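First subunit A sits with subunit B, and in the next complex the same chain sits with subunit C.
Up next, the complex of A and B:
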């Protein structure tokens, strides 16, 4: 199990965009299970007016995918380290495909992300994952691509 | 072109079209992924990853610059999958 403080040594993300709280299980090169607790104090709920329906407090799908993606990023880094290596450069979320949302997470819910490796290379990773709240599966991402890019390339701005 | 080759070419075209988010018929054997279909390096990696999964092969990332159109993709996959025709 990896706690929040340990995650800051694995992921470059920081408050408030570090979107996983704890890693429950990890099998390097294969899979990871990580959780994020959703609260009413999330920045995405700041400033909402009174009297809104419950649906206004559904954790945004884009952030569910971000959170799931960060679980995948942690898996990539931990897998590389288990092999005595480190992804070269900054991890960039490249693409998410075939995603389906079948539910929502609300303040008080704990999202559990299960991410499985499809392919891992020195500078790219493909994974798929699911997000659960208790025994409800709220999201499925069929394919997530991440790449490791050298700092110099990112600083230079977008290229083709 | 043999039937097998033409079937494979269409199969590859479907994969590429899905990743580049264009209609399959827009992709010819020589239309350029970057110049003609607005691909970028992330899309190229995605195409490579899908081909690897689909054909259960390993394609080195050093082949990426070569995979600039459908015909080149076919040649690369042919090489690593050991297709004879």
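Up next, the complex of A and C:
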């Protein structure tokens, strides 16, 4: 199990966009299970008018993608380190396909991401995953591509 | 700031609705919400925020087009490919083409071409929106 403090040594993301709280299980090179607690104090719930329906407080899908993606990024880094290596550069989201939402997470819910490796290379990783709240599966992603970019390349602009 | 649903940020500064879709403009600034952590001392507009720009623009267009009594949800990110970063000072223009599915129009397909002010393609985004009838408010 990895706690939040340890995650800051794995991911470059910081408050408030570090979107995983704890890693429950990891098998380097294979899979990870990570959780994120959703709370009403997060910036995404700021400024909502009164009297809205419950659906207005659904945790934004874009942040579910980010959170699941970070679980995948953590799996990649932990897998590389288990092999005595390190992804070279800043990890960025390269692409995703078939990210489907089948439910929502609300303040008070804990999202559990399960991510499985499809392929790992020194500069890229392909993974698929699911997000659960209790026994409800709220999101599935068919494939996510993460890539490691040198910071100089990021600052310069085009990366393709 | 008064919002009707939770969002990570107001990801659209201006929208222009046209016949087959909507074009959104977002100016990237270092003090956009969440950017302080993405990344410290090296702010980059997160890729998922480009998805959010397209989502908010398309949602607004569909809600405006269908009138009151509908609620629009993001059903799927069918595909997204990020090609170039967006840094503070950059201006993102997302040209979104909307197509309703043939049976009933309950699903709307959104294909967006996202470019930086210098013309560089930053992302290609394809979303699927679900159009529902509005539930009654709790209050």
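Keep this in mind: the second predicted complex is superposed on the first by the 158 of 160 C-alpha atoms of A that agree within 3 Å, B and C clash if a C-alpha of one lies under 4 Å from a C-alpha of the other, contacts with A are read in each partner's own complex, and residues count from 1 in each chain.
We adopt the following convention: a contact is a pair of C-beta atoms (placed from the backbone, for glycine too) under 8 Å apart; a residue touches a chain by one contact, two chains touch by 3 or more.
Quantities reported herein were computed from a predicted structural model and do not represent experimental measurements.
Once the two structures are overlaid, the count of subunit A residues touched is higher for C than for its counterpart among subunit B and subunit C. Looking at the shared chain after the overlay, A:100 reaches subunit C, while subunit B stays out of its contact range. Of the two partner chains placed by the overlay, neither subunit B nor subunit C lies in contact with A:83. In the superposed pair of complexes, A:134 makes contact with neither subunit B nor subunit C.
Looking at the shared chain after the overlay, A:150 reaches neither subunit B nor subunit C. In the superposed model, A:108 makes contact with neither subunit B nor subunit C.
Touch criterion met: A:118 reaches subunit B, while subunit C stays clear of it. By the touch criterion defined above, A:15 lies against subunit C but remains apart from subunit B after alignment on the C-alpha atoms of chain A. When the two structures are aligned on the shared chain, A:69 is found in touch with subunit C, with no touch to subunit B. Across the superposed pair, subunit B and subunit C both touch subunit A at residues 92, 94-95, 158-160. Those residues of subunit A that touch subunit C in the complex are listed here as 12-18, 43-63, 65-66, 69, 90, 92-101, 151, 154-155, 157-160. Within the complex formed with subunit A, the subunit C residues making contact are 1-9, 33-40, 42, 44, 46-49, 51-52, 55, 71, 73-85, 87, 116, 118, 120, 134-139. If you check the complex, the residues on subunit B that touch subunit A are 34, 39-43, 45-46, 49, 52-53, 61. Partner subunit B is touched in their complex by these residues of subunit A: 92, 94-95, 118-119, 121, 123-124, 126, 145, 147, 158-160.
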